[in-house]
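Here the structure comes first, spelled out in structure tokens, and everything after it is commentary.
Letters A, B, C and D mark the chains as written, and numbering starts fresh at 1 in each.
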Amino acid sequence: MIRCGVIGATGYAGSILVTLLVGHPEVEPVYLASHSYVGKRYSDIYPSMTGHCDLVLQEENLEEASTLCDVLFLALPHTLASQKVTQEILDRTVIIDLGADYRLKDVDVYESWYQCKHASKELMSQAVYGLSELHREAIRNTNLIANPGCYTTCSILTLAPLVGEGLIDPSSIIIDSASGVTGAGRSEKTANLFCEINESYKAYGVTNHRHTVEIEQELSILNRSPLFVQFTPHLVPMNRGILSTCYADLNEGVTEKEVAEAYEKWFGGEEFIRLMGSNLPETRYVHSTNSVAIGWKVDPRTKRVVALGAIDNLVKGAGGQAVQNMNIRFGLEESTGLVKWIANPL
Amino acid sequence: MIRCGVIGATGYAGSILVTLLVGHPEVEPVYLASHSYVGKRYSDIYPSMTGHCDLVLQEENLEEASTLCDVLFLALPHTLASQKVTQEILDRTVIIDLGADYRLKDVDVYESWYQCKHASKELMSQAVYGLSELHREAIRNTNLIANPGCYTTCSILTLAPLVGEGLIDPSSIIIDSASGVTGAGRSEKTANLFCEINESYKAYGVTNHRHTVEIEQELSILNRSPLFVQFTPHLVPMNRGILSTCYADLNEGVTEKEVAEAYEKWFGGEEFIRLMGSNLPETRYVHSTNSVAIGWKVDPRTKRVVALGAIDNLVKGAGGQAVQNMNIRFGLEESTGLVKWIANPL
Amino acid sequence: MIRCGVIGATGYAGSILVTLLVGHPEVEPVYLASHSYVGKRYSDIYPSMTGHCDLVLQEENLEEASTLCDVLFLALPHTLASQKVTQEILDRTVIIDLGADYRLKDVDVYESWYQCKHASKELMSQAVYGLSELHREAIRNTNLIANPGCYTTCSILTLAPLVGEGLIDPSSIIIDSASGVTGAGRSEKTANLFCEINESYKAYGVTNHRHTVEIEQELSILNRSPLFVQFTPHLVPMNRGILSTCYADLNEGVTEKEVAEAYEKWFGGEEFIRLMGSNLPETRYVHSTNSVAIGWKVDPRTKRVVALGAIDNLVKGAGGQAVQNMNIRFGLEESTGLVKWIANPL
Amino acid sequence: MIRCGVIGATGYAGSILVTLLVGHPEVEPVYLASHSYVGKRYSDIYPSMTGHCDLVLQEENLEEASTLCDVLFLALPHTLASQKVTQEILDRTVIIDLGADYRLKDVDVYESWYQCKHASKELMSQAVYGLSELHREAIRNTNLIANPGCYTTCSILTLAPLVGEGLIDPSSIIIDSASGVTGAGRSEKTANLFCEINESYKAYGVTNHRHTVEIEQELSILNRSPLFVQFTPHLVPMNRGILSTCYADLNEGVTEKEVAEAYEKWFGGEEFIRLMGSNLPETRYVHSTNSVAIGWKVDPRTKRVVALGAIDNLVKGAGGQAVQNMNIRFGLEESTGLVKWIANPL
């Protein structure tokens, strides 16, 4: 059994991770830490875990945890992971960081968009961006996996075949996304109160959301040349789910058939990607699963493609992809312990 | 592999059943029928099932289905099951009926509360009320299992130890329940439209909801004498979950300790029942699981006990308990293919 | 114009009050205070008020406010009002307190249920319980109006005719209520976060919610003898609305007709009470209005009456009734500035 | 008093209209018709109207209605209005049509996008597109007002200053909108059921929603040259509200200041338009009001402007703007009977 630990185990992403790990047939959670609930049992915080996970929550001590675990998941606010991870720790254990610290290869971009210093730049070269479908080989060969953001996972996968096959004008990409509220985390802010969110819809982070540069990094690689994207996230009064509606100008002469072939070529064989063609995805289609559902339409009037991708932000957008990456890293069947479908995910 | 079928496979209860059966390691779904979608693949209706369940939906033909299946689940409007089931069918296959037709032992009560004739009274003596925790032995030995209603499962289990141990005045029972909207089914009625339900709360079936007599039947058995209950259901703007808040006058001298002991005695060993004492359950604690969470408080001012039970109406209240009953009937481990917990069921 | 002020103007109750007062034709808001936003304009906090209410939010200074205003509304956490109100202030201005400090005539009950000392017991004798329909005359003649709680307004009005006419056994009253989330206020607690409430339903304050004693006080007066009630509040994932489902044993021989006559006698002439008989109320029927909708059913099987009342907890349950009381106190038409109906309050 | 009527009075738009008209000080509703509820009182359908609007619902007879009313509102499915309106009727009464039949000046575009024949083309020349802020003068001088669609009202007003002042590349406009569910109307379809919509988010009508051509018609006028837009609507699990997130490439050298000045120039004096600059609107800011809230951001990285507009789809997007147009047409103060603000529209 692979011994695993979660630091930041009681937040929304953390609780999904613990759920998945406790149910995973090849791993055993042996260490859980939580800033807010040190000394309590996990089942005190989440009573349904009684008998299933009664570990006592520890202080967040990465040093100690790394001596106990083969793999450690970090679900921490940004800057904290980069302050705690060391080469010594990485020599002992695999780190899968669900935060932003090791995602951006260009540290200047990180420091500028996150308005902070990066505390362990020297480790960046080992970090692999953990978008499982795009970086499997590299994930298999590193001890520092930077698990992608939720919007970014959804948006990059939705656009990858279009950019990678050179079907669209890379300067024309607009990504209009909407997320359920778990994406905002579990912190006590007025803006996150039920009555401030229920029965309303809003944009936020317009022109400056940090996931913008993460999307740009990955799409630029696929584009083999730097590109900028316009990314606008919105908040939907629901718990879970992300839908990215992506717009781009088709290159001269590109046909609907070529678009479909690109998706099939890139993702036809992926067990966690469901290609729906012109049957467009809704977030409920992937609720509680690790799947990505992608659909698209070509607009002959405007010569644009509109591509839509849906994920569960807590699963494929956080804890699920983290487990998928662990599976890849440890040579397990990639879907072990993960859900691909639910008939009618009410 | 046990060959199984579902008649009424595309409604809310049906879709949960199919989800559970497709994921169940010991059964194989071989027959699905649907009144509304004959001839379509199951994955046409629920696209996330593509590759996981592509069976073509059949006309609802119980006769034929019974020759193909070891067990048949019926998720039909009341009166239909009793018109279709015959002794011949029961000799061939196990029927687990999720509707009301075989739940009430007194056919007169059925005909009076459901305002219709019962079409197969002669089969009633074989029917077992499928509340798994109360009727395991009988379930093991019948081919006609009447799966209980959602409110009734929740309410009976919450009150059983109090009635069974004689701790309360049986004439004083008031059950105030609230359910998510999947309980109303998937039919196209104005009252079920999003905007008619969202942002509102209402009671319905006040003084005359049909689950009343089902609760009375089972509690009367435990009481060894007929009793009446006051049952009021409400509709909550959420998809899933039932909470029953049950009130009863404690018999003279009954202590809080005796109440706790009764619950422990009756359900302490049940893997799908979580006793929470004075930590009262919320419906989210059992979301997506087959578990029942029960808590209670004794009020010294009023000499009453207030007992609260929570279930997921689609799982323990419908498809999950049906699978639990199948597991019992076929001698499988009772929890096979069923979920007991989710850390944070957002 | 009547000069008015609100202390605690930015919470949920406060914001409804300000909305009503700004639109009220006979009053002029001249003073708004807020603990959290001193120095900001009201329209900075609520941008839609720009041009309609741009008052700068003051420190909460009741002394000073009372020199500026003819009437002062207090929307403060309990204990604060009783520490601030003095006889001098009451000699100058009318206080309408939306908190709990002056509602309970028996200070011992207050101190025991609220676990605190009452700081101005000597003023209690002047306080009038501001349930407009029951205490109009007294409200007209006091400078200290204790505006009732939300659950209590709804529950007392629903039960008043039954108790007042002696139709029910006063020891049998059970009140099962459910409220939208604005009732929990605007404070930053994990329990109030969107994802903790959405898609779930729970009870809270079981056997010990403070509104219990407020209901008992008023119903005991109508009963001309002390009574206890069983009161259980629940939380519904919606913003606004309260429904109280009230159960009581009918006295021997009481008929459905007598029940209907009692409601008609007590409330037939009330412009803010809509008697619906067996057409039971839903919370949406009174959304955004100051109305109470009441329906009832007699159960011949159990000899009980089930009476249901619905209000908007922020309007009739808080700011609306406060304005109604102000109208009464200042001799205005009682419905001035208040909404009685909306055709389809989506 | 102006005598008014509503045909299609019981749908969502109709019920808002009736609410507004009953409360309007200068009009008297004298005629209400409903396809589904002929012969019932309006207060039978909407009980809260008892005593406020007890008119008996008529068969939809435009001929007869026009002899009784000075102004008639039509809230009908498309094609019906154009079959019923005649020159004779227009000579007698003012028609304000909330449907699509008279909105598009180019009948070919109408017939192609709506897949039907237009039954009264000869009246088109009299029709005025009732976007109050843009066509006041023409509205004042016609008897046939085509009230705009909900998405279109929001999107056109959000983009008008940018197009009208020539600040953006007209070929680059992308409008990503999201609406509450009342926009889908009150018809009994599976897709509109609570559980199909709650906890999910989806796009619909991608590349072919009919509001596209309505937006194009009006923006082309402002552009003084035909343009195409990319318009994608989404469905949000809430009752009311529309947010349009509009993207466009800024013309070379256009500054943030010029953008702000354009909005101020066009709408600074409008009482129903609230310019919020970089404080972006949320749908709740305009809930229940006839207001439009508009904000915008210039993105220096991409040289685009992102402009966001929010309305209440049932008020400014339907019944409210219809009343605003009636006020204009009959020479009343434009805001009579309409709400401009609510402090905290929970």
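In the analysis below, contacts are C-beta pairs under 8 Å (C-beta built on N, C-alpha and C of every residue); 3 or more make two chains touch, one makes a residue touch a chain.
The structure displayed is predicted, hence computed values, not measured ones.
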Query raised in the report: In terms of CA centroid distance, which chain is the most far removed from chain B?
Result: D
Query raised in the report: Is the contact between copies chain C and chain D built from the same residues on both sides or from different ones, judged by whether over half of the numbers are shared?
Result: same
**Report entry** Whole-Å gap separating chain A and chain D, where each centre is the average of the chain's CA atoms
**Finding:** 39
Requested in this report: Take the average of all CA coordinates in chain A, do the same for chain B, and state the distance between these two points in whole angstrom.
Outcome: 37
Report summary line: Per the C-alpha means, the centres of chain A and chain C lie apart by a whole-Å value of 46
Report task. Could you tell me which residues belong to chain B and also touch two or more other chains? Result -> 12, 182, 195, 198-199, 237-240, 346
Query - Residue ranges of chain C in contact with chain B within the complex - result: 174, 176, 178, 180, 195, 198-204, 206-207, 228-230, 232, 234, 236-241, 243, 245, 247, 280-284, 287, 297-299, 301-302, 304, 306, 308, 346
**Report entry** Residues of chain B touching chain D in the complex
**Finding:** 12, 181-182, 186, 188-190, 192-199, 237-239
Query raised in the report: Mind pulling up the chain A residues that touch chain B in the complex?
Result: 12, 15-16, 18-19, 22, 42, 46-50, 52-53, 182, 199, 239-240, 274, 276, 279, 285-286, 288-289, 291, 293, 314, 340-346
